[in-house]
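Right, I'll just put the structure down here and ask away after.
Chain lettering (A, B, C, D, E and F) follows the sequence in which the chains are written, and residue indices restart at 1 in each chain.
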Amino acid sequence: MLHTVNKSPFERNTLEACLKRAVPGAAILLIEDAVYAALAGTTLADAMTSAAQRFEVSVLGPDLAARGLENAALVEGVTVVDYGGFVDLAAAKGSVQAWL
Amino acid sequence: MLHTVNKSPFERNTLEACLKRAVPGAAILLIEDAVYAALAGTTLADAMTSAAQRFEVSVLGPDLAARGLENAALVEGVTVVDYGGFVDLAAAKGSVQAWL
Amino acid sequence: MKFAILVNEGPFNHQAVDTAYQFARAALARGHEVLRVFFYYDGVHNAHRHSAPQADERNIVARWSKLAEEHGVDLAVCVAAGLRRGVTEAVIAPGFRITGLGQLIEAGIDADRTMVFGD
Amino acid sequence: MKFAILVNEGPFNHQAVDTAYQFARAALARGHEVLRVFFYYDGVHNAHRHSAPQADERNIVARWSKLAEEHGVDLAVCVAAGLRRGVTEAVIAPGFRITGLGQLIEAGIDADRTMVFGD
Amino acid sequence: MNEQDTDGTVTKRFMIVNRKAPHGTVYALEVLEMVLISAMFDQDVHVAFLDDGVWQLRRGQMPGALEMKDFSKTYRALEGYGVEKIYVEGESLAERGLSEQDLVIPVEVIARADMARLMDGMDVVLTA
Amino acid sequence: MNEQDTDGTVTKRFMIVNRKAPHGTVYALEVLEMVLISAMFDQDVHVAFLDDGVWQLRRGQMPGALEMKDFSKTYRALEGYGVEKIYVEGESLAERGLSEQDLVIPVEVIARADMARLMDGMDVVLTA
C-alpha cells in the first residue's frame, strides 16, 4: 500500500497517525506541506530518519522546490520523486490511502 | 486578552501554540472541536489541568452539548460559558486573538 | 460595544461560520452593535444565493441574509477573494455586498473588538 | 491502468486540488486512463464557472474544463454536496456534470486505483 | 486483491476511514452519506473509526445546541443498510478516556496493530 | 490601548499573525494582500511570523513548480509600503533548522516570550 501525507508534521497529527498504522515496508509519500517532514536539521528529523528505516519513504520534488527546499538536506533514506513518480508509486503499490 | 482555540488538541497544534504565547493570567476560551481539551480522563487532561492554573480557561457549553459532553467531567478549574458568556469575555478582555 | 467579525471559511465545511453567526446573534442580544461581518478567503462562499441545503438542515446563507435584514448588519464580501472563487454580483444573496479588503481594516479601526473565526 | 480521483476541497484555499490535477495530468502522460474525477464536500466549488482569478494566477476551474475537453475526463460533481453550497447546473463550468454520490463508488469499483486528495 | 464472483462481477474491499471529530467540520456528516450509498453496491464495505473519528460515535450528542442536525442516529441505521463491518480502534478510545459503553452503537473494538493489517488489505480507501 | 492623535484620529495597534506554511493553503498569499491594504490606513501595523508561518519567508521558493505565483518577492516590497514592524519568532526558526540567513528579507528575530508580550499589547489581531 502507498500512504500519502500532505500536512506539516509541526501542525497536524496526520504523519504520526500514518506512521502508527502503516505496516512495515509500506510506501509513504510526503506531499504538499508534509515535505517539511523530510528535512534534515529540524526537531522532527530524528523521528523521520527512524521512520525511513521501517518504511519506503519518498517526497514530492515539485513541493520541495515550491517551498525553497530544492537543495535542502533531507533525512537519510528519503527518495525524491516527481508527479510521474507519484503515479508510478500509486500503480506499483496495490492500493492507496490518503491520511487527511 | 482573550485567546480562542477551535481545534482538537489531538489533531492540531493550535492549543499548544496558544499556551506557549499567552501571558500569565490571560483568558483562553475553548470552542468547537477544542472543547475536547477540557475533558477529564484523556491523555491530555494533565496538561490542561496545569494550564488552567496559569490561565483563566473556559469552554463553550453548546459545543460540549453538541458533542455529547454536556455532563462529562471536565478538568479542574475550567468554567463553562454560553455564547452570551463568550461575548462578555470578548468585551471584558480588551482584545481577542483567534489561534487558527 | 461595537464588534467587527472576520469569517475565514465557507459554510457547511467548517463550524467557524456557525460560531461567527451565533456570536453575532449573542452580541446583538446583549445590546452590542455588530458593525460588519467581513467574508474573506473561502468565507466568500457564505454569500451564494444558490445554496439550498436539505429541509432539515440549517440554511446558513439565508440566516446571514436575515441577520442583515433584521439588524442592519453589514455583510461585506471581499471582491478579490470572491473573484477567484466565482463569488460575484451574479450569485450573491440578499444583504451581502461585494467590496474591497480595506473595509476589513476600517472595521477593525471603528470597532471596539475584532473577532476572527476560521479553520 | 485506470485511475479514479476524489477531490475533497475547493480551489485556491487548498493545494489538494492542485495536486489532484497534477496527478491526473501525470497519469495521462504515463499512458494511464483517468476514469473520473469526483468532487465532494467543498470540492464542488471547483466547478464554478464564475471563477475569475487574476491574470498572473492559475485558473483552476478552466484547467479542469480543459482536461475534460482534451482527454475526455469525466468531471462529476456531487449533487447533494453541491446543493448545500450553491453549486448547481446554473453555475457549473464546461466539462463538469452534476451527479449522484453513487458515481464515486462506481468509479472505485471500475478503477484499478482510487486516489483521494483533501485537507 | 479484489475477488471475481462466480457471475463475473467484481467485489472490492472498500474502507471508509473516519479520523475527524463531528460538528467542527462537515466531514463526519457527508462521509455518512458516502457510507449509506456504498451499501447499495454489493461491495465488501468496511467503516473504520480512529483518532478523533471515534468522537463521532459518542453517545448523547445534541447538535441542536448549534442548530445542526443530529446525524448520530444514522449510525444505528447502518446495520439495516447491510453495513456491518464497523471497526473502532481501541487505543484511540483509551487516549480519549472513552469506552465501548460511551458509544451509540455496539462496535468491534480492535487493536491498533489489527487496524493496520485490516487497512493494508483494502482495495479502495476513502478518507475525509 | 489605542492612541488618540492630536488631530482626533485613532491609531490602533494591528497585528497580522502568520502561523501557516505557504502554498499548501492560500492563507499566506491572501494574508499578504491584507498586509498591503492595512498599510494604507495609517495604523500601527505589526506582522508576525511564528510556527509554520516562518516558512513563508524561506529563500529560494519556486512555486512555478506547482504553476503557482511566487509571492515571496512581495515580502521585499513591504518596507516600501511602510510596513516595517516585521517580527519572526526565534524558537520557531530554530525548531525548523532555519536561521536568519535562510530568509528572503532582513527581519527582527525575537524570543517567544517577547512575541507573547508583543501580542498581548495589540488592539486588533488578524489571523488566518
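Observations on the model:
Note that in this section a contact is a pair of C-beta atoms (placed from the backbone, for glycine too) under 8 Å apart; a residue touches a chain by one contact, two chains touch by 3 or more.
Predicted, not measured: the structure shown is a model, and the values here were computed from it.
Think of each touching pair as a link: the shortest run of links from subunit B to subunit D has 2 of them. Distance between Cα centroids is largest for the pairing of subunit A with C. Here A-F and C-F were compared by C-beta pairs in contact; the pair with more is A-F.
One finds 27 Å separating the Cα centroids of subunit C and subunit D. For the pair subunit A and subunit D, the distance between mean C-alpha positions equals 24 Å. The centroid of the Cα atoms in subunit C and the matching centroid in subunit E are 34 Å apart.
Separating the CA-averaged centres of subunit A and subunit C is a span of 38 Å. For subunit D, the set of residues that touch two or more other chains comprises 8, 12-13, 15, 22, 41, 57, 80, 114, 116, 118. Contacts with at least two other chains are made by residues 6, 10-11, 13, 32-33, 62, 95-96, 98, 100 of subunit A. Touching two or more other chains at once are residues 23-26, 51, 66, 68, 124-125, 127-128 of subunit F.
Taken pair by pair, the chains that touch are A-B, A-D, A-E, A-F, B-C, B-E, B-F, C-D, C-E, C-F, D-E, D-F. Across the complex, subunit E is touched by residues 6-8, 10-11, 32-33, 36, 39-43, 45, 61-63, 65-71 of subunit B. On subunit E, the positions that touch subunit D within their shared complex are 10, 12, 14, 26-27, 30, 33-34, 37-38, 40-41, 43, 124-128. Interface residues of subunit D, counted against subunit E in their complex, comprise 6, 8, 40-41, 80-81, 100-102, 104-106, 108-109, 114, 116, 118. Chain contact summary for the complex, subunit C toward subunit E: residues 12-15, 18, 22, 56-58. Every residue of subunit A that touches subunit E in the complex is listed here, in rising order: 1, 13, 17, 20-23, 26, 94-100.
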